[in-house]
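Presented sequentially are two complexes of chain A, the first with chain B as partner and the second with chain C.
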Partner chain A sequence: MIDLLPHIINGLTLGLLFALIALGFTLIVGVMEVINLAHGSLFAIGAYFALTVIAGSWFAGTPFGAWWLSLPLGLRYVLALAIGPALAGLAGMLLELCLRPTYGKPPLYGLLLTFGAALVIEELIRLIWGTGEQNLALPQAINGAFLLNGMIFSTYRFFAAGFSIAAIIAVWLFLERTSAGAVIKAGAHDSEMVRALGYDLARLRLVVFGFGAALAGLAGVVMVPIWGLRPHVGVDIVIPAFLIIVIGGVGSFWGAVIAALLVGLAIGITGAYAAAWSTMSMYLLLIAILGFRSRGLLGRKSALEH
Partner chain B sequence: MISLSDIPARPSAWITPPMIALALLLLAAPDLLPAIGLYQYLGIEIAIWIGFALGFNLLFGYTGLHSFGHGAYLGIGAYAFGLFQHHVAVSLWGGLFAAVLAAGIAGALVGAFLSHRRGIYYALLTIGFGQIFWFLAMKLHRVTGGEDGLLGIPRPPLTLGPWQVALTDNRALFYFAAALLMIMVVLCWRLANSPFGRVLQAIRQNETRARFVGYEVWRFKWAVFTLSAMLAGLAGSLLAMAQQSAYPDVMSLHQSGLVVMMVLVGGGLVSFWGPVLGVVFYFVARDVLGGLTETWLFWYGLIFMAMVMLRPEGLAGMLHGLLRRGSRHQPSSARAPATEAA
Partner chain C sequence: MSRNTVSRRSLLGAAGAASAVSLFAGPWQHNRVWAQGAAKPLRIGITADASGMYANSGASDKRGMAMAIAEANERGGVLGRKVEFVHIDTETTAATGSRVAERMISREQCGFLVGAVHSGVANAISQVAQKYGIVYINTNSSSPTEAGQNCHRVKFVFDGNGTNFAKAAVKSAIERFGPDWMLLTNDYVWGHDTAAATKALLKEYGGKVMEEVMIPQGTRDFTSALLKVQQRKPGVVSAAIGGDDQKAMRQQVAQLKMGDKPAWINSQQDWDDVYGLPIETLFGVFGTTWYYRLDLPGVADFVKRYQTMYPETAMRSPGNVFYNGYMAIRELLGAVERAGTTNNIAVIKALEGHRISARDRMQHFDATIDAETHQVQQTIYLATANKAPKEKDDIFEVLSQAKAEDVRDTDSARLCKLEAYDKTPTFDA
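Coming up: the complex of A and B.
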């Protein structure tokens, strides 16, 4: 008998991180009706910038670089957690500007454009950061392991899971309890009406895209110590992310969170029995759930079906 | 924006002038390619991908069903061809048949699941299924050789009655691929302009209306998906012969996306010939830009993005615009925008 507990815990932490990526994704789908296939690439951008911030590699050899490296790793890590997502958000805004000509056309065009963007970003990453596999240096405080009931757990996984929970709650509070969040939700519900009420729809879209992209970047910084960092990581991560929003129901906040936890659990538990096949489980989950509920767990009818 | 129905076609004709032009180009290609500094193998690749893209465009351009997992059926065709040679018999026709059959069965199963879906959900599910096949190809080591690929696939000789021609030479294989391609071109052309093809286009323009007119829409969607999977399988078997091996990476999301990009850049949304232009443009860009810079995919990606933003009707649409400007005597009514359902 395999002891499932560590696998369940690993699965849940993975699921929480997936939720963070999927939230930005679902927010963008909801407001913009664009399936952003470049979402994983924004995740990668956040992570790669974090790498640069922590290692200070762009200023290596200069006095500034030397001073930078003399800062404590913990401080650099916190800075990376802020700068990585911020730059990912900026990249997202740039992408939104490119998307503008596709509004009002079938959703296919947004899908195609972001697919092209994913390709371009991946090649850019190869150009700037090289093609090899890299990893983030972590501060000592969160980079250890501890024993619980005779089993070894990595501290970082718990840090990442706690961080995701905090981020998910913060996003939820932002959407539910602030007036800016209310406008975003209204935009997802009926963007024409929001415009009629005098809000600047173009700016709303820009902000939402930037916000969603920053969430992806944040997930990137937090997740990379678990997944590793390679130029292809954007495509590797966008697939679980979109599976999650389809399973959860396109545009649904809690749908995405629940689906992310389900996918994480499926991967974790399959990993206990057949590690090589663990990724397969999420596709089977997708087909099983969509077989019964064609709009996902909590999905509603949307313009994307045309 | 113009649409497929705006570019005049002569639906009654079996053979049209562009087909003759393509056939002549294909005939000359083995001598033409080295003359302009490229190589013969490129011709085989182009012919294979044109076949794949034409079949794909029946689904993508004509029916408006956006599959992002079509590389899977190309891969299934390649594996089926290779496995047939390894485990059943070294036979060309047997291998081709096995490839078409295997891709057709996979397509029929997936199509049955997909055909009640619409829009973005359809596209997302095709990605899901494409990934499943890719994953199987990677993980079923004993059957497919996993990441290393299925190696040592022979090029069986072509036998036609008493005739026998060896295809081991690239030139011979090219002519065989070109002949198959011409058959596929005529087949796709006839199909696109048959009553069946009209229904497909009606589904693209407005699926709900097509259903209310009385067509069982999902059957058409299923049929065209299966058919385009079979054509992909045929192209896949040629790919297995050309590479003398089969690899999982043609089945990846990346490669499935490439065919979408090729078709769109070429103008598959507005013209039957779009995929042909798109495939040729991609491979020439790969070899020319690839010779200049290692990051040619970056530039190709930028061209693609610009195309989607500014000219989604692609090369074929631009060409059509130029030709129309050249001949001003066309009635202006032909320019009325098609009423596409958004």
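Coming up: the complex of A and C.
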């Protein structure tokens, strides 16, 4: 019999990382009612820009490049954590502008457009950064491993999980304690009412999409030192992210967080006893939860249920 | 005679024309005759992945084939015909591989199919190829089943397989690191077959499997498996994990600093999967069929030709995947030359049992295309991370080279039942 505790810890850290990925996705779905299939590509864009910031590859061989690389890795990593998501956010805003003609049309239009955008972004990544595997260098302080109860754990994994907690709290505070957050939440609840109150709905959507994309980019910077970086890395995250927001209840912030933790635990614990089922476990969890509660854990009731 | 009456001459002419058309129609009747005019190019369908788990390796595979085709055309083509290629992405998906093969044969009029990294894709392509009698070369997929139970008369397998690599590594690893092994196995055909080969050898040499952890394809987080490795404490971990899964695993093992203990045996390490990564991710002992710094005649020139042809490619030194793609096309076109025809059965016979000198292969020992299984029996190298590189790309340290006969996959030879020649549709490409 194997000791389960390390696997539970592993599942929780994985769940926190999934939560970070799903946050931006749920925000966009909640406010815009658009399933953004390019979310994974925005995740990848954030990671690739972070790579450029850390490695300084675009300026290699120039005096600026030499100066840039002389900066401490820790500083470049912190800059990457800011610049990568910011540029992913800008890319998201551009995508939102392209999406505008699809508003008011059947959801398939938005779905197809974001799917097409995902393909285009992946090819652009290949052209700009190449097709090969890349490595995001980490500062020594958060790299390496430590011993806990006789088991080796990755320091970075715990850093990433801690970072996810901080990001979740920051986003929650932003949504709950700022006027901009209140407008976003109101937009998710009833966008027409927000417009009637004099808010510029188009700008709100632009900002929300950019914010959601920046969160995807942030998740990319945090996740790729664990998962590795390659042009189609974003494809790997779209399905778990989608699954998590459905399990949690579409548009529900805490629903997404709880669902992410459950998915992480399901994968972690199945990995200990029946590894071949670890990927399948999240789908089984989806079936189990939606079987009992079709709107997800914390999803709103539909009009038909009233 | 009325002007509308059909004359005997026109009737014979029409019948002749109809007969001629019927020879070309089909498209895939037995004994089909395809246009063999000197001006008609020889078309090769490249079935390399451009997306999915093996997109990166697929790109190298294709580059190798394209270089061999370019060199053949510089020499004046084959049998006086220019060689062309068509490439369609097989998406690292068996169903797509099947569809692509059908399209290349029936719509793109390809006379030969070449390429694959994923064993499931290679198997799917080869089933279609056998149906039409199209010679197919599986360049880079290394499941033992490819030259075993899934072998076909039209299919030739150019990569070393899991059994070859396991035979090269298992016995010495048991002696050095002990009999307690744990297996990490990618949950698809190549992983299963490679693990089965390892288990058989462990049984033969006195090793034992403490546990086998099945890793679903597409796994990005290996922490559960690595925690289990720590809990079970094996002497050796034998990993049959491929493609992007392997890249993620390497990264996570390196982060946990578990690369040195336990000992790691990786069946085969494709160059494309580790190129450009930090050296600490390249832990353990692994197999390969070729390395760009082998001190053998022709290697340096081959590398130079690659660098000249692909000046913009980020991968500045070719690896085993590129090499296999190149060798497959070169041997295929060589067989057409030797046969003096593009008739598929003649080409198959020219390939079967063909011996290739070590010098031509740029390997340590001669190779043979096994007439029983159609797998290239070749030199198998064991390597590890190079702690004293001579240049940036010099990341492998070759530890040993095994002769083909010492690592031959005898199980495949037992399981492979090639279709009879007369059960294989014939045609001229």
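The rule is simple: the second predicted complex is superposed on the first by the 296 of 306 C-alpha atoms of A that agree within 3 Å, B and C clash if a C-alpha of one lies under 4 Å from a C-alpha of the other, contacts with A are read in each partner's own complex, and residues count from 1 in each chain.
Here, contacts are C-beta pairs under 8 Å (C-beta built on N, C-alpha and C of every residue); 3 or more make two chains touch, one makes a residue touch a chain.
Because the structure is predicted, anything quoted here is derived from the model rather than measured.
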Fit or clash - chain C, chain B, common chain A: clash
First (chain B), second (chain C), both or neither touched by A:Leu243: first
First, second, both or neither for A:Thr279, with chain B first and chain C second: both
First, second, both or neither for A:Leu113, with chain B first and chain C second: first
First (chain B), second (chain C), both or neither touched by A:Phe153: second
First (chain B), second (chain C), both or neither touched by A:Gly162: neither
Partner chain(s) touched by A:Gly74 [first = chain B, second = chain C, both, neither]: neither
When the two complexes are fitted on chain A, the stretch of chain B hitting chain C, from 63-71, 225-233 or 243-251: 243-251
Shared chain A surface residues [contacts with chain B and with chain C]: 276, 279-280
Touching residues on chain A, where the partner in the complex is chain C: 2-3, 6-7, 10, 13-14, 130-135, 143-145, 151-157, 225-228, 230-232, 236, 267-268, 270-272, 275-276, 278-280
Contacting residues of chain A [partner chain B, same complex]: 35, 98, 101-102, 104-109, 111-113, 115-117, 119-120, 123-124, 126-127, 235, 239, 242-243, 246, 250, 276-277, 279-280, 283-284, 286-287, 290-291, 294-295, 304-306
Sites on chain B touched by chain A in the complex: 66, 68, 113, 116-121, 123-125, 127-129, 131-132, 135, 139, 253-254, 257, 260-261, 264, 295, 297-298, 300-302, 304-305, 308-310, 312, 340-342
Complex contact set, residues of chain C against chain A: 51-52, 55-56, 59, 187, 213-216, 218-221, 223-225, 227-228, 230-232, 244, 247-248, 251-252, 255-258, 272-278, 281, 314-315
